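Same chain, two partners: chain A is paired with chain B first, then with chain C.
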Partner chain A sequence: MKLLIVDDSSIMQRTIQKNLNDYDLEIVGTASNGSQAIELVKTHKPDVITMDITMPEMDGITCLENIMTIHPTAKVMMITALSDKLTGLQALEKGARGFIYKPVNSENLTRALDKLLKRNVNGRQ
Partner chain B sequence: MDVNKEEFESTCRLFIDSVNNYFSVLTEHDSEINVPFLKDITQLELKQYTGMIGVSGNKKGYVYFSADQELFEELISIFIGIEDPDKDDLMDMAGEISNVIAGNIRANLGSNFIISVPLVFEGRPDDLEFPENTFVYVIPMAWKNHHAYVIVGLQ
Partner chain C sequence: MKRLHNLSIKRKFALVLIPLIVTIICFDILQIRHDFYDYQDARRLNKAINIGIDISHLVHEIQKERSISVGFQANSGESFHENLVHQRQKTDSLLSHLYVELRAPTYQELLINHGEDLKNMKLQLEQLLEVRSSVDQHTLNTDEIISHFSEINKAALNTVNQLINETRDKTAAQQVHAIIYFLDAKEYASIERALGTYTFSTSNQSRNVASEFASLISSQEAYLDAFLTISDQESKNYYFNTMQGADIQEVERFRAKLNVTDNPDVDPTEWYTVVTGKINSLKQVEDFMLENMHNYTENMAANARRDFFIFLLLDFLIGFITFTLVAMIVLNLIKNVAVLEKFTREVTAGKTSERVAIDTRDEIGHYANTFNIMLDKLISTQSELKQAKDHAEYMYENIYKQSEVVFENVEQGIFLLDKDLKISSLYSKAVEKIFDNEMIASENFCNFMRPRIMERDFEALQMFMKHLFNPDMDEEVVNQLNPVEEVQIYITKNGVVISKHIRVSFTRIVRGEEIQSILVTITDETESVLLQQHMKETENMKKQDTEYLFNILKVDPGMLQEFIKETRETLKSISDRYEQNESGDLNELLKYTYRTVHKIKGNAMTTGVELVSNRVHKIEDSITKMMDIEVTADKFLSILYELEEINKTLTELQKMLEKVGEIYKNLYAKNELSSKEKLENDLRNGLQTLCKETEKEVDLDLRIDDAIDLDAAYLSPVKDILNQMMRNSISHGIEDSEERISKGKQEIGKITVALSQADYDGISVTYEDDGRGIDTNTLMIHALASGLISHEESEGLDDHQIAELLTNDGFSTTTRADKLSGRGQGMSVIKSIVEEMNGSLKISFKHDRYFRVTVTLPNVDQQSFEKVA
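Take a look at the complex of A and B:
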């Protein structure tokens, strides 16, 4: 499966990558804003996307709406510091398949990815 | 202008909880918070690198997280295993931690606590951004042997 990581923090992009060793995911790109992400989605049609919300140029919610029109089967998981319930609900209404709050550690990232990919905890997708 | 004691305490509590949550979730060492205090803007001290978040919506103002290089280096080492991060990494880390600390406040204040993307700088600029007639709260903290400030000025 192809994965796109969208976050304006390079440290956060690499933190997510570091936790993917157990998954059969090919990272097809990283983007630091929503506009870059949309171009990468058009080019690579990733199966899975991790999406920050607070980003320059285009925020993650707007980017999510765009992605759902150009690649609606993408499984998008929001990873954001915006920890209010309304933002989470908005993202899910707009097509996100998962939502986790920063700060994100290995355990909660893995749990969220397992749920997104419907992976058995003891197995591989 | 008199400070409202209840507002001072409740605002500080929100940010103290946010800072404590950040370090307890991501590291094996809890942060320690010292007694918050009010400070005149002209006398504010900053550490080596500072992430600044603009706030709009039902509150207006700025939130800063300021720490020396060693704190950011150690966090980067924990997160991605790099022992000798470059300056871009240090500034990225300062921006990300300020983003998370400010963003997590929305769990209590809701989605009308709107935050900007982080602006990061090295050293202390001549003019720090704060709304006029606003008290500036400084929350000193330590994580392991590193000291940092969370600075909050909100209307």
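Take a look at the complex of A and C:
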């Protein structure tokens, strides 16, 4: 499956890359802002997208909205701050299917990816 | 028709059976009556035949007498005389026998109906004596004799005819008619005998005898033919057997003689004998037939009687059997139906202990058995139901009540939410306690929470609940976004709003694929949150204590002691002024307060009591805000409260100071400082603190004239003034090192302070820094902006006038208000101190070179000073 990482922080990109060994996910692109992300979605039609909710230029919710119009089957996982649950819920409303709270570590990333891809704990389908 | 169907079974049977029984009885009565009539008829016919026989015997004799009488008359008594007498006796004998018979009581009923005929017959028979007398006297001719006798016979035969011709039996009726025809034939035969006797007795053949004979014979033949046609076979056989022999043929021979010759030579007696023989044969046939008929009627009567009794008997027997059977069956049916009905009523009424007992094997019996089986099944079902009910009750008692107990006592608020977000009617008691509300059941959860949480949380909660009920959303993912996971709620209790910290968690209850409801668990974490806060506060307190301690440790205890004492007194002066404030000018009081507080702040900073300086700075903020608006007593009081807090802090510091007092005592006991040393220490410490905060480096050159008598009365104002000056210098005057180097100055700033004895028993304080001095242009701009002077006034101001501006209230060259610089009040504070001491103030400066202040304080007496302080 194809994965697109939308995050303005390269640390996040690296964290995700490090934890993909167990998953059948191939990174098809990394975007550091919303408009870049939308272009990549148009080109690659990724199955899975991880997206930081706070980004320069275009915020995560608007970006998510655009992505859902272009590619509604994409499974989008939002990376949000724990304190702002309303934004998280708005993201659910717009079509997001998963969440990770900051700060992101291996454990919560794997757990969120398992949820998103509906895998059980052992990683089997 | 419906009414018919609605009748009870008993009535239905009655409706069917009663008309049937009545009809059968009617038919029976008719049949019995018919049999009885047959019997009666047979009896009557039998009696009629008896009489008929008697009459026919008599007729037979009269017929003979007629022929003999004709014979007697034809030859004037030559022949037949004896015969006649003999015959008459015979006739009379039968006649009297007939009369006896007719009088017999057994025939009276029969004869009543035939009175007319009998009367007529009797009248004719009474004629017989007359006819006989006429025959004896020869007054009658042959025809008249025949006619008279024939009349008598006719009446008699008519009577016979009438008597016997009355029967319901067809066979009998037919035979009766045959007999009547036969009697008529015999009568004609007899007339033929009489005519023959006359004809053969007389020689006078004037009459056409032949045709008369022919007529008689044909009549005779006609009646015989009729008789033979309808007579029964037995009579016919008897007739043919009897009517044979010589006499019959002789009669034919005589008849032929009469036709052949006009004057036959025939002996009338012979004729008479021959014909009588024939007639006797006929009589024999007649007797046979009458006898047969008599027997037949007797048989008929006997049969009819037998039939009557047999039918009656059979009728009774069959009737009895039928009635008994019908009664048995119907009554049994009705009884069984009644038993079944009673039983069903009992079962309906709930009595199920008994079973219906119907031992017949008909449908009702089957129904009863089926009913019993049904009842057994019903009872077993009932018992199963009861068991289930008992079980359910048990379950209710033991499980529901247990859960109720749990719900009553569990500390968590627990309830279910349906799809409309309605709170279940069963919820744990803790919910009421947490929300201090008893109207919880059926409330919409979001609406219930709305007045109790922040609007943004409410908005999030609504969205969250929607996603929680959406089966496409992963429960864990949604629960990650629970906006009320840890939330502060606001509850109005007795008019007071209190807040609580609660934790709300949600669990889906799924049945099959559907999310049926949501289990909500609420935990009141107020206590633990408050405990945490309390712990934090305690920690802060400890921190504060430590801070106090640090403050104390790093500050000279003597200075601190003095600071506390001075500050207390200063604070007291504010409240005293407030109490003595008769003019009510709060604005003036506020300005005084501000100045005083600012002084305290300066002292606190130079003393190094950050704790106090921080707080005082906040009070300064409050006062500044208040300066822009109309000051009210209330608002001023709030400032006093805040100052009171400072007082408390001072008390705490005092306590702490006393705690460590001993240490200081021991440490500094032998090292009592002079007031000059104290001043120097205070100033150096203050400068150090100020430098640390501004990251500036400044040297202090303090020169105190040895001759100076630095009285305690001067110490405090001098210290206040110098502190304020130092703050001004560091805040506004002395540049940072970079700027200083660029200006070609020494990197380290310099402050010079000189205290000397004044000419007139006072002291002179000279303060100078090597900072920016005063940029008059900037100053003017600020002064104009502050509205202190007009444009016109700004023209041609000298240095002295400019210095005056600096000491004006509310003037500042800095736009930044911090602890260090204050708000441009520095110089005005100094000015007010100087004025209070009745001293003088002189300011001189040079832009980018120096800023100098010279204060001269006169020697005031102790009293007046204290009053001012």
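The criterion applied here is as follows: the second predicted complex is superposed on the first by the 121 of 125 C-alpha atoms of A that agree within 3 Å, B and C clash if a C-alpha of one lies under 4 Å from a C-alpha of the other, contacts with A are read in each partner's own complex, and residues count from 1 in each chain.
Quick note on the criterion: a residue touches a chain if its C-beta (ideal position, glycine included) is under 8 Å from a C-beta of that chain, and two chains touch if they have at least 3 such contacts.
A quick note: this is a predicted structure, and the numbers were derived from the prediction, not measured.
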{"item": "Touching partner for A:Leu86 - first (chain B), second (chain C), both, neither", "value": "both"}
{"item": "Partner chain in contact with A:Pro56 - chain B first, chain C second, else both or neither", "value": "first"}
{"item": "Partner chain in contact with A:Phe99 - chain B first, chain C second, else both or neither", "value": "second"}
{"item": "Dominant contact partner of chain A by residue count, chain C or chain B", "value": "B"}
{"item": "Touching partner for A:Lys115 - first (chain B), second (chain C), both, neither", "value": "second"}
{"item": "Set of chain A residues, in rising order, touched by both chain B and chain C", "value": "86, 101"}
{"item": "Residues of chain C touching chain A in the complex", "value": "456-457, 459-460, 463-464, 467, 473-474, 476-478, 480-483"}
{"item": "For the chain A and chain C complex, residues of the former touching the latter", "value": "85-86, 88-90, 92-93, 97-99, 101, 115"}
{"item": "For the chain B and chain A complex, residues of the former touching the latter", "value": "21-22, 25-26, 76, 79-81, 88-89, 92-93, 95-96, 99-100, 102-104, 106-107, 109-111, 113, 115-117"}
{"item": "Interface residues, chain A side, partner chain B - complex", "value": "8-12, 14-15, 18, 54-56, 80-84, 86-87, 101-105"}
